[in-house]
Every structure is written in C-alpha cells, then in structure tokens.
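Next come two complexes, and both contain chain A; in the first it sits with chain B, in the second with chain C.
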Partner chain A sequence: MNLSRSSMWFVAPAVFLMFILLIAPVFVAAILSFTDYSLGNPDFNWVGFKNYAAMAKYSAYKKMFSASLLYVIIVVPVSVLLGLGAAMLISSLRFGGEAYKAIFFLPVMATLLAMAIVWEFTLDPIVGVVNAYLTRGCDVGWWYQFISGAWYGADPTTSWYGNGCNEGFPLWIGDKDYALFTIAFIGVWQAFGFNMVLYLAGLTSIPRELYAAAAMDGADSAWERFKLVTWPMLGPTHVFVITITSIRSFQVFDTVEALTRGGPSKSTYMMVYAMYEKGIQQNLVGIGAAITVVFLVFVLALTLTQVYFVNRKVHYS
Partner chain B sequence: MNGQSSLRGEVGKHIVLLLGASIVILPFYLMLSFSFKSPAEIQSITGGFFGAQEMMTDQFCVKQGRPLAECQMLPVVYNYTAAFREAPLLRYLLNGVIVTLSIFFIQVLVALPCAYALAKLRFWGRDVVFGLVLFCLLIPVHAIALPLYIMLAKVGLTNTYAALIIPWTISVFGIFLMRQFFMTVPDDLIDAARMDGMSEFSIVWKVMLPTAIPALLAFAIFSIVAHWNDYFWPRIVITGDRDLMTPPLGLRMFKSDLDGNEYGPMMAAATVIVAPLVVAFLLAQRRFIEGITLSGMK
Partner chain C sequence: MASIRLESITKAFGRTQVLNGIDLDIADGEFLTLVGPSGCGKSTLLRIIAGLEKQSGGDVNIDGKTVNDIRPSRRDLAMVFQSYALYPHLTVRQNLATPLQLRDMTFTERLPIIGRLAPGYSGKRAAIRDAVKNVSDTLQIEHLLDRKPGQLSGGQRQRIALGRAMVRDPAGFLMDEPLSNLDAALRVHMRAELSALHRSLGTTFVYVTHDQAEALTMSDRMAVMMDGEILQLGEPDEVYQQPMDIRVARFVGSPQINIVTGDMDDDGRIAFLGVKLARRPSDGTTGRISIGLRPEHLYLHPHTPGKTFCGELVYKENLGSEVFLYIKVADTEDNIIIRVNPTEAQSIALGDETHIAHEPGKALIFNDQGRRITLAGSPLGEDAA
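Up next is the complex of A and B:
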C-alpha cells in the first residue's frame, strides 16, 4: 500500500473530528455571542457587542466575575500549599506514607457530584453532623472555653464559636456570607490530593547532594533547607500545579449546580454555572456564548502564562 | 539530630497527617454509615457506624398491600433496596458502563492510527496536523459545551446515547500521549513488519497496539475515570429521559425528587456509584495515580 495514502487514511478521521468537535464550536461560540439567537427560533438578529455590554452593566455578571475570582483566589493557594505540605510530610515519613497518599487521593477519584451531596448532608443545619457536634461542644466546658477564647481571658460571647452557641451556627451553603467559602472548601478538599501527587513526584527528583551541599554552606534549620533547596528546585512543579489548579477552579460546576444553583443572592454564581444557566436552561444562547468567550479568554491566558514560564525554564537542571 | 528528637518529629508528623486524613475521609465515612442506618438514627446522629440495625417497616411495601411481617427489614437492606427501586440505579450504572466504554474504544480507534502516522510516517502536512493537535489541547471542554449542544440539538440528537458519546470521540490528549509513546518505539520493529509483508493497517493494530499496552492502560484509566464521574455534559444533553441518565446525573435527579427524609437510600445510591472506582483505585493505586495525573498535561 502506498505509504502516504495510508497515512491520509490514518489521520483523516482525527482531523475531521477535531474540526467538527473542537475548532468549529469555538468559532460558533464566538459568532453566537454577537447574536440574540435562541434554540427553536428560526431567525436571529445581529446585536453587536450588546451581550458583552450586558456583562459589564448588570450586577449579576459583576457578581459572577467576583465570585469566580474569589473562588480561584481561595482554592488555588490553599490547595497548592496543602498539597505541598502533605507531600513534604509524607516524603519524610519512615512508615505509613503510602496509606496517607491513598487517603488524600481518594477525593480526586471519587465522583464529585456524589461527594458534594454527602457534604451537603454533613453541613445541613438540622440533620448535619458538623453543626450537631458544634452545638454539642457548647456544653462541654473545657472545649467551649478553649475554642471560644475564654481560656485566654477573652469574652467568649464575642468569639465566632461563642456567638454560634448563642445564636446558632451558620447555615453554610444557605448563608450568603458562607456559601462561597463552603463551596471553596469542598473544592480544596477535592483538589489538594492531586497537587500532593505532583509535588511528591517533584520532590523525588531533587538530588540528595543538594541538601548536603546546603548543610555545608551553613543551612542548618529545616526552614533554611526548604528555602534554599526544596522551594526553588520545585520551580517547574509550581508552575504546573498552579496553572492546572487555576484552570480547574475556573471550571467549577458540579458543586455549584447541585448545592447552591449560584445562590444565595448570587454569592456562588460562578462562570461555568452562569453559562449553563443562561445559555442552556434559559435558552439565552447569545449571552451564554458571550460568557463562554470570556471564559475561554481567561483559560487561554492562564495556559499561555504557563507556556511562557516553562519556556523561560523555571528550573535548574 | 539525635534519635529521640527525630522520633518526636515522626510522631508529630503522624498527628498532623492523621488529623488531615480524618477530615478527608469524613464524607466517605458518613456516606457509608448513613447507607446502613435507619432514618431515626440519621436524624438523631446516633448508632455509631453500623447503627443498631433494628427491624424497620418499609412503607412502600405496606402501601402495596403486602402483609406487615413481609415488610419488616433491616435498615441496611431497606436503604439499598429502596435505592435500586426509587432510582433506576441499575439502569444508570449500565448507562455509565456503556457510555464510558464506548467513549474509550472510539477514542482509541481514532487516536491510535493518527498517533502512529504522526510518529512514524512521513507525509505531506504532518507538521500541520501535529500543530493542530497541540492547538486543540488548549481548548477547554467547558468552552465548547454550549455550541456543541446547539449543534446536537439542531440535528436532533439531544437525549440520545450519541449525544453523550460523540463529543468525546476525539481525544487530542490521547493522540498526543500515544504519539510521544510511539516516538520511542524503534523503527526496526516497523521495518521488520513491513518486510514480512504486513500492511500499514495491520502494523497499527498488530504491532503498535501490543507495544503500547502500558500507555493505553494509563490512558484508559484517565478516560474512564473522567467520563464515569462527568456530570456537566450529561446534565446538558440529557433532559428528562431517565433511561439515558449516567450515574451522577441519576443521583442528582434522585436528590431533587427526594420526598421527606430518604437520606439512607440516597447515601446507599451514592455509595454504589462511588464504589467501583474507589475499590479499583485501592486495588491498583500506582496505576490509577499515574493515569489520573496524566491529565496534568492537559
């Protein structure tokens, strides 16, 4: 068989599907974002930048940007640092490391939607375990004094815990001041094990001699060894972990759709959920497409930043 | 550093890690525990892990007019039977298997020949095609969901298996991964196969495929885990037709038409949906971690 003809046959299906399923939709989204199209209508009008202008104008979209940004700003540093911390502790253990690694990786594997529903029950104000135990703790003298700060001479009723004992503990996902943080907590819970595994791989690639060399140069404390060797040698891993966690947290959907639907008062109205609600549920395809385009720009910017850092070679090997 | 202080350090590390592990494992523990307990025990948070397992009455069974004695059962039996009865759980699981396996097989069918051609054959436009693959790696799935949904709706494919499968038939990540792997396969192997008169087609499936098993296994784990757990896409294209729902979507429906406090059956359903991957993971941890962190490259 003719080699170049068979390569045509090998490549053609993949190229065809790439165009139809990946590249064309990006252009379709871009075009739709300038229309008032909705499914079922035979016609549509060109509306120019009206959809984008709406995003700048209405407070729902401002809340969408601030909620998405806040979510990313919480989840990325917390899950990256927890991942790094867990990896460093585990890699320095004499025994039991594998067991912790497996446990911390469980949430990465488990169906997020199912686990989100379990978290919802756990945090339920009436039947939830968390609030039940917080309330029970109010009657345990030493615990109450310790947590509410009475031990250190503070006024227990002004503390978060003391206040909760008197007025009731938060509704978590039902309270607009707590909902985003609760969703972010689930996000961190789910993501940090993934980062831990990447950091564990990064840590094993640091040559042992570097620590010996640093010790010769007078880096005696664990903190100095960390600052001089571990942190900078993990450069490429940092870039990688931070970008991937940012992109993934921009994409948060399951927890929002299942637990809050963007509420209360739009406090968890994040981009992918907004896109789903507008573009698909409410059939406002134009505005949904405009959100999609902005989302795509954010994610591409993050990816290109990563590529830039990787090309600058943030590593020392 | 003397022995005693390093021992103290080890103990300290275990304390911190155990504390973290208990928070991480909490929802798994509660999910399993609630799936065993009676509604009263769930409400009052009593009964430890297994609950007291006192006989309870299945109201559904009573309503069907069967004798009371037949409707007495252990809470654990009640929860799991109710899960399979009230949500067509078996159907959801079957759909999950059909969809994830079809996606994986089509992905391999499309990606493997393309990866082979990109790695080992010289043809006009090869660099362009590879550039296209790299470009497509940048496109996040959430950004093409809305237009894909419109396109599928236009051709009348929403609420079908096809809608669940078609968008994932192309895995540029799979092409990239397999191409990198094939680059490491020596040319001599392919030349020898050609001398034996094998066609390029059979080289792909009889020579390259067997050598690629380790990479394919990692990709299989990556693909199957991602699509078994996916909720976003099924939520968009399956509206209402329960017979097509995948496990996460089915569980979501179960939650939204939950009347009263059927927490036990729901936690039983969640356990059944989460269990296959978690058990597989615990049995083959290294392979799973490898497979899933592959997506780090995506």
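Up next is the complex of A and C:
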C-alpha cells in the first residue's frame, strides 16, 4: 500500500460519517419529496413534482411563505438593531455592564417552549396581565389622554387605544391580524440578547486608536464616529449576526407550536411548523419533505448571498 | 505654526499617578521628542496635548491660548498613531480626504447624492481633491490612492498615516511611536525622511518614542521621561554627554553606559576598581557614589597600577565597523562593555585577561540619590579624572 492510498484510509471514517450523518439526510428528504410515502407503508409511488405543485397551488402554502417571510423581515432588522443598540449602550457603561448582559441574555438561555407558556398566560385576553392593565388604564385620566393622543387634540375614541377601551383590546395570539406580530415580538424578545452578545464581542475588537484618529480628524459627534468607525468596523459582525438571525428566524417553531399552532386562519403558519404538521402529525412525509427542501433552498440561498456578496466587502484586509 | 506650553500637568488614573506636574515649553517649529521606557507617561502626555485625554490638573496652551476645554479636532493638531489607525474600509484617497471633509464640509454636503445639490459643494470638493493631490505628490503615494489600507505594506501605511496628518496643514504634529511597527532598515530610512519632512514643513513636531536612538537622531530637543516626570530636557548631544541623572545616563546610549560603584577616601578622592580620579567633588558629597563610563570612553591599555582595572573577556559583539567587548570584572554586577575597532578586537581572545583604562575627563559621577556630582575645578562638561 503506498502512502497516498493509506491517507485515504485515514480520512475514510470521517468522510463516511459526514456523508451518513450530514449529507445523506438531505438527499433522503429530497428523494422523499418526489414520493407519496407515509411512515409505516411498505412502499411508495413516485409522484414527480406533485408535492411542489401543491405548494404553488394551495393558499395554505402561500400563507406559509408569506408568514415565514414577514416574520423574518420583522424579526431580523429589529433584533439586529436592538442588539447593536444594547451592545453599544452596555459597552459605554463604566460599571453594571455585566448585570445588563446577564439580564438581556436571560431569554436566550431560557427554554423558548417554557417561555412561550409564560407568554401565553401574559397575553391571555381574559386572565392575562397585558389586557388587564390596558383595560385598567382606560380609567386613568392622564394616561388615557397621553396614550390615546388626546393631549395634542386628536379624538381619543378614534385612536387605537381609545378604540380598545370601548370595543375591547385585541386577543393577540387569538386574532389573525395580531398573531404574527405577537409571535414576532416574542421572537425579537428572545433573539436580541444573542445578537447583543455578538455585537459586544465585535465592539471590543475595534481598535481604540481608530476612535482617537476620528476625534483628531474632526468626527466630533457620536453619530459621526459611529458612521466613520463603529458601523464599518462591525462589518464582519453584521454579516454573521444577520445570517444567524435570519436562519434562526426561518426556523421558528416553539412559539408557534405552543401558542398558535399555525392559526388563527393560518396567519402564523410558519415553514418549520408546516413541516412538522404535514410530515409528523398528518404523516404526509412527501409534502413535508418538499417543504423541507424549499426551506433548505431558502436558507442556503440566504447564506450563499452573504458569503459571496457581503463577506467580500466587509473583510478589509 | 504653534508653540505649545504645558503648565504643571498632572494625570491620575484612579489612584495611579501617571504624570506628576509636567512643565514643558515647545517652541514654534521645534522637533521635540518625549522619550522614556514604556509606562513612563509619555504617550499619556501626548494624548493630553492632543485633547484625547483630559488632564487631572494643569493647563495646555497652544499659541498662548488655553485649550483645556477645546476638542481635539479644534486644536489644529494632527496625530500619527503607532498602529497608523487608518480607516480600513476606505481607500487611501478617502482616508486622506476624511479630515478635510469633516472640517470643511457641512453635514448636508457630506450626505451621499443630496450633498451634491448643496451650494459650494463642487468648489469644496475640488479644493479637497487638490489638497489630497498635493500631499500624495509630496509623499509619493499617488500610485496607492485607490487601494485600501489592507493591501499596503507597513511602510506604505505609515506614509498614508503621515499624509492624513499633513493634509489639513496643521499647526503641529503629534506622533506616537510612528516607526515602532516598521522593520529595522525601514525605521532608519524613515528617521531621515521625517527629519527632512520636518525641515521642509517647518512645523512643530512632538514625537513620542521609547527608542533613544530615534530621539538622538531626529530631535532638536529631547525630554527624557521616567515615572511621570521629565528628568532632563535638552539637545540630544547635551543629554547624551551630560546626563544629570543616573537614570538618564542608563537610558540614553546603546550599548548602555557602564555603571560601577566607587569609594571616596578620607580626603575626598574618588576611587573605583583600583583607579583613582584626580579631581574631587566640589560640594563635600560623601557616601556611596556611582561612576558612569560610556563604552567609547574605555580602551584597552597595558597594565598600569592606579590607572587601569582588569577583567576577563567573555563576549565579543562584532558590528563590522566596531566591536563591543564584554568584560567580566570582579566586584561588578554587570559586564563592562568597551568599544574597540576590529583590529584591536582581533588581538585578544575570549577568556583573556584584559586591562582597561578610561579617557580622562569622561567619567560621570552620581551621588547615592542618582544625581550628577560636579567635580572641583572643572565646570560641568570637563570633569577631569
């Protein structure tokens, strides 16, 4: 056995495991997406692109795509900007930064499923504290005036708050106009602590001398220094944070499963939940696999875009 | 053009006192070097002049005006940093233009697209372009203008940093160890270039370094700092030849000055290693004394009692044009270093016993506090031995 042959034997186990554990499942899912296989059946039929055609045809899947995209479009920018803002505020503190870090990081550490249950109670239209306090606020004159806009002359009853006082406040996760935004709010609440930690790491890696140079060059306001130094120097961090947050947002499942189960009227029917519902609950493995493949394409496209187009611009050396 | 005057500047970080009352007058157009070991407070002092750091006490005056509460950018000083601190996402051209854009263009004019509509935009734009061109001509960096700092070598980045400082035509330059990230050959080359630049600009340079060679070669005057104080301020020659403090003597000069302890006999004559000096302290000093002898003031000499001391050659450091001999002398902690020419060096071998004499008048005497002692009958500078 010559030397080059023996090296192949050394890498073979690793390659084999990588193929079996990481690559093969994707191929299996891709193959299953062209079948009508159900778990437990002895065999299956090839159905060609029928599963994919169904996705294009039925409105439930259209709602799935729009709900997933809307969720990502809300959660990514808001949690990224909040994370950056929190990180910059914390890094400007002389003391107490550690405490803030720990507090903002709590939702990241906590199990989202367990937290979802807490949110469910909080947002419950009857026993939940949110609506209870909103309702109680209707009787507090100055608060009502302030929040309904009456203080600058608007008609309080036409405002969102005034309307709520009269007609009742939203059901939040039970209302199809509010459910997605409520889930997205919880998503932001959960995600921004993680982004904050990543940005804190990014901020510490900015050389202090650059700020000194900016101060000498005449970047006198905080905004100028942010524009000239902080924002561009965080380039690699931005790419990483946005990629990770996008992928994690596409993957949202716990809150949907615990709070809305895709409803009301499919307004929160997100992709991973749809996979679960079709593939596991209804045992329609074929269509579940097709959703998985589309999901993977989305995530892959997102990642590749960032690698090839953005990454090139933000690594300056 | 600016003169800079520091009046009893103090600085403390928490309980750590970094600067203890620095007084310094920097003349208009002068090249002044602040030199000292790391941690002596020289960079902090420079940052206080720049306005990047607020002093705990004392005043900074530029051209007679107190600038304590004036922003760094309004002090009309430019700074060159050790790490160059170029903006890595901007091209060299943009890096050079940034200080001018921030100073001369309003917020609206600097906005992308909308800025073009502002009156005076194109005129300012052209002025900045000309200024960038002038500076890049002077420094010969035109061919680098469209590259980013990451694509440049250390020496090129150094030039760009210099250019960014020059482009505003400031009244003074502050330089914080600008050459210390360069390789040895380039550093020597840049010393000459910086000196030439200083001469052609005629502007005040305040230069911070830990390298005594840079201080000796470039400055009009150098201030040796240690432990938050200026130990000695003077022209390089003066500081080298007449150090007023044993710490200055040790810091300035490479290889280091030889320090040996000496005795004083009953009638006040100084003796070390069996050698007696002819002159006595002018001021009845007693106690332990130290004698400083520069390597170039020692030479090999046939054994002469009362004039030479002896030791064993342990190491030869050959620099080509000259050779430093490291000689182990009984009763001294460090080896004595002497400078000889290569022919002389060939005449002795490692392990040989050698006899050394010193040039009369060159011994520097320090008392037990490390202060310089003058010797009787000789003005400072002609200590006869």
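Note that in this section the second predicted complex is superposed on the first by the 293 of 317 C-alpha atoms of A that agree within 3 Å, B and C clash if a C-alpha of one lies under 4 Å from a C-alpha of the other, contacts with A are read in each partner's own complex, and residues count from 1 in each chain.
The definition used in the following text is that a contact is a pair of C-beta atoms (placed from the backbone, for glycine too) under 8 Å apart; a residue touches a chain by one contact, two chains touch by 3 or more.
Values in this document were obtained by computation on a predicted structure and should not be read as measured data.
Undergrad: Using the superposition on chain A, decide if chain B and chain C clash or fit.
TA: With chain A as the common anchor, chain B and chain C both fit in the superposed model.
Undergrad: Is A:Leu210 touching anything from chain B or chain C once the two structures are fitted on A? First, second, both or neither.
TA: Touch partner of A:Leu210: chain C, not chain B.
Undergrad: Taking the superposition on A as described, I'd like to know which of chain B and chain C A:Ala258 touches: first, second, both or neither.
TA: first
Undergrad: Is A:Ala219 in contact with chain B, with chain C, with both, or with neither (first, second, both, neither)?
TA: second
Undergrad: Thinking of the overlay built on chain A, is A:Ala132 touched by chain B (first), by chain C (second), by both, or by neither?
TA: first
Undergrad: Could you say whether A:Leu32 touches chain B, chain C, both of them, or neither, answering first, second, both or neither?
TA: A:Leu32 contacts chain B only, not chain C.
Undergrad: Is chain A touched at more residues by chain B or by chain C?
TA: B
Undergrad: Name the contact category of A:Pro232: first (chain B only), second (chain C only), both, or neither.
TA: second
Undergrad: Looking at the superposed set of three chains, what is the minimum CA distance between chain B and chain C in Å?
TA: 8
Undergrad: Can you pull the chain A residues that chain B and chain C both touch?
TA: none
Undergrad: Across the complex, what residues on chain B touch chain A?
TA: 10, 13-14, 16-17, 20-21, 23-28, 30-31, 34, 42-43, 45, 110-111, 113-114, 116-118, 121-124, 126, 129, 132-133, 135-136, 138-140, 142-151, 153, 166-167, 169-170, 172, 175, 199-201, 204, 225, 228-229, 231-232, 235-236, 247-248, 251-252, 255, 261, 263, 266-267, 270, 273-274, 277-278, 281-282, 285, 288-289, 292-293, 296
Undergrad: Per the contact definition, I'd like the list of chain A residues that touch chain C in the complex.
TA: The contact residues of chain A facing chain C are 207, 209-210, 212-213, 215-220, 224, 228-229, 232-233, 235, 314, 316-317.
Undergrad: In their shared complex, at which residues does chain C touch chain A?
TA: 47, 50-52, 71-73, 77-79, 81-83, 85-89, 98-99, 102-103, 148-150, 164
Undergrad: Which bits of chain A are touching chain B when the two form their complex?
TA: 1, 3-4, 6-11, 13-15, 17-18, 21-26, 28-29, 32, 39, 82, 86, 89-90, 92-94, 96, 98, 100-115, 117-119, 121-122, 127, 129, 132, 189, 193-194, 197-198, 201, 240, 244, 247, 251, 253-254, 257-258, 272, 275-276, 279-280, 285, 288-289, 292, 295-296, 299-300, 303
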